Amino acid sequence: MRVIYVLTTGGTIEKIYSEQTGEVRNRDSKIDRYLGLLRLPDSDVRVVPLMNIDSLNMTDADRAAILQAVTGLLPEKAPILITHGTDTMVETGLYLQSALPKLEVPIVLTGAMAPLGFEGSDALQNLTESLIALRLLSPGIYIVSHNQVFPISSVRKDRALGRFVRAKEESS
Amino acid sequence: MRVIYVLTTGGTIEKIYSEQTGEVRNRDSKIDRYLGLLRLPDSDVRVVPLMNIDSLNMTDADRAAILQAVTGLLPEKAPILITHGTDTMVETGLYLQSALPKLEVPIVLTGAMAPLGFEGSDALQNLTESLIALRLLSPGIYIVSHNQVFPISSVRKDRALGRFVRAKEESS
Amino acid sequence: MRVIYVLTTGGTIEKIYSEQTGEVRNRDSKIDRYLGLLRLPDSDVRVVPLMNIDSLNMTDADRAAILQAVTGLLPEKAPILITHGTDTMVETGLYLQSALPKLEVPIVLTGAMAPLGFEGSDALQNLTESLIALRLLSPGIYIVSHNQVFPISSVRKDRALGRFVRAKEESS
Amino acid sequence: MRVIYVLTTGGTIEKIYSEQTGEVRNRDSKIDRYLGLLRLPDSDVRVVPLMNIDSLNMTDADRAAILQAVTGLLPEKAPILITHGTDTMVETGLYLQSALPKLEVPIVLTGAMAPLGFEGSDALQNLTESLIALRLLSPGIYIVSHNQVFPISSVRKDRALGRFVRAKEESS
């Protein structure tokens, strides 16, 4: 069995609709339930919940906690998936890259524009893509989303398009 | 073919997740798409969008508009379903009842605690139940939700339970 | 809490796709899982698996077993839902009616043209409708399906239409 | 926009439940509808229906037709996805490899153990994985399924496990 770590930090991908308030918020992690819908026969997927926050509220201390968790796992030489809000995903990825210049495994960050389980959501697609990309990518830090793979050094979120684009690409 | 009117006023049942803002709001009607998932072989369901608002924001003028629409349809002697936010559904139902004391058809109000298409939503259940209840109910005004049928004069929303209860029933 | 009995006999509604053989067959009951998707706050739904067969293979002994189960439950004066294959559902209903002329509760038979969990299936719709119809129907035996309610004495399956119709209604 | 060709040949992935016969068969292609659920913002996916058959019934002439279609597309230098029944997918892949020793693009074969739209199906997972694998793989012929990527020369279907395994791997 091949070990994969999934570090969860919150973001839209895990947001939940509150019937009491009518808001969509980060409360409980639900990624295990959706990973259970996928067939991953030779993988041992280990979900590590780190925090459950909107990435617009992510602080330097939060990013340091993510780095610490990643650093602790690197000796296992297992690929790492980090679920994260899209708004500051690039910032977290660049922070990890500057602190971890010599990786032996790929690290993929992913998230979603609409939460897991909402009609038309991209969340399960992005999870599925990230897990197989971790099979094929060379060591480094990437964002995987919407059938695209971006090295962290050349990607930005295009808010108008609602997706990631190459860092130089213009919004249409 | 048996005609049924579906008057839509908004409420949680038709709320949509905005990928731009992360909010859940009334914007477009989506009830047609979900009615299309049901098999209604001898029915001619006519959807009439009246408004698309959170029922907490519903004004006297909005209720007068609903009454006017219902009154205009009564000569057709077709059952009427009104989709509505749950927070003031009872108020609208009582308003209709006071204005329409002698009905020849059943009128059902329904809504949802979670929008159509969200995981775990009660919305399609409530629509399905309301459409068959309109087959079986005698003339009058009712709320149908969560496998229950309430005459409008003896129902209230229990916010803690997240559902309707008989007017005298205590919250557990 | 209001008790409802659900007697399961198999039929398409509970068929399962076999990945080994590519066939769709009755093997395990899955109705509990789908009942769990519905909000039934004041009901105590008791599922009683009787058999799990295609109704084309149902024998006189099987029908006698259904009758025996129903007869044993009648003293509880709780409504009864029977899930059943559509091909001989009318036959079983008429058999129960001839043996049980004086009922104090409604008994509804339902089934599906496509199994629970298959895209476009009518199964969850039919379950939802049946459970609320049992609230509203007077004592007697009925088939509930596709937003329609048929007394057992005036219904037949129209195989070309893929649904139930009134006994005198012509196939279009 | 990046062009991807999807050649469809049938197999379980596109099987449809027949309400008339209760069988699961290849009749109409439904892959377009499911591709429409995925966000593929910079891709121009061109679906080319070649045949719609159970791969156990695939003849030499059918394989020649697939080869001819692939050969016709190779000058476009676009990656190619072939949907195919799992039972003879390896045979078709090896046939293509022997005829096309020098590829400039990756060709992925995929399929499913349960049809698109059936509860618990692996079909959309396999489609999603195949489309992103085509981004990352070097030229050659592969099977992608269940989060795994197999070069065509070292894969076999394990019928007991219900999945593909490396050619030397034993069934558990």
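Order as written gives the chain letters A, B, C and D; numbering starts at 1 within each chain.
Here, contacts are C-beta pairs under 8 Å (C-beta built on N, C-alpha and C of every residue); 3 or more make two chains touch, one makes a residue touch a chain.
It should be emphasised that the depicted structure is a prediction, and the values quoted were computed from it without experimental measurement.
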Chain-contact steps, minimal, separating chain C from chain A:
2
Separation of the C-alpha centres, chain A versus chain B, in whole Å, is 39
Calculate how many whole Å lie between the centre of chain A and the centre of chain D, each centre taken as the average of the chain's C-alpha atoms.
28
Distance between the centres, which are taken as Cα means, of chain D and chain B, whole angstrom:
45
Numbers and ranges of chain D residues touching at least 2 other chains:
120
According to the definition of touch, which chains form touching pairs?
A-B, A-D, B-C, C-D
Which residues, counting only chain A, touch chain B once they are in their complex?
12, 15, 17, 19-20, 22-24, 54, 113-120, 159, 162
Which of the residues in chain C end up touching chain B in this complex?
37-43, 120, 122, 125, 128-129, 131-133, 135-137, 144, 146-149, 161, 163
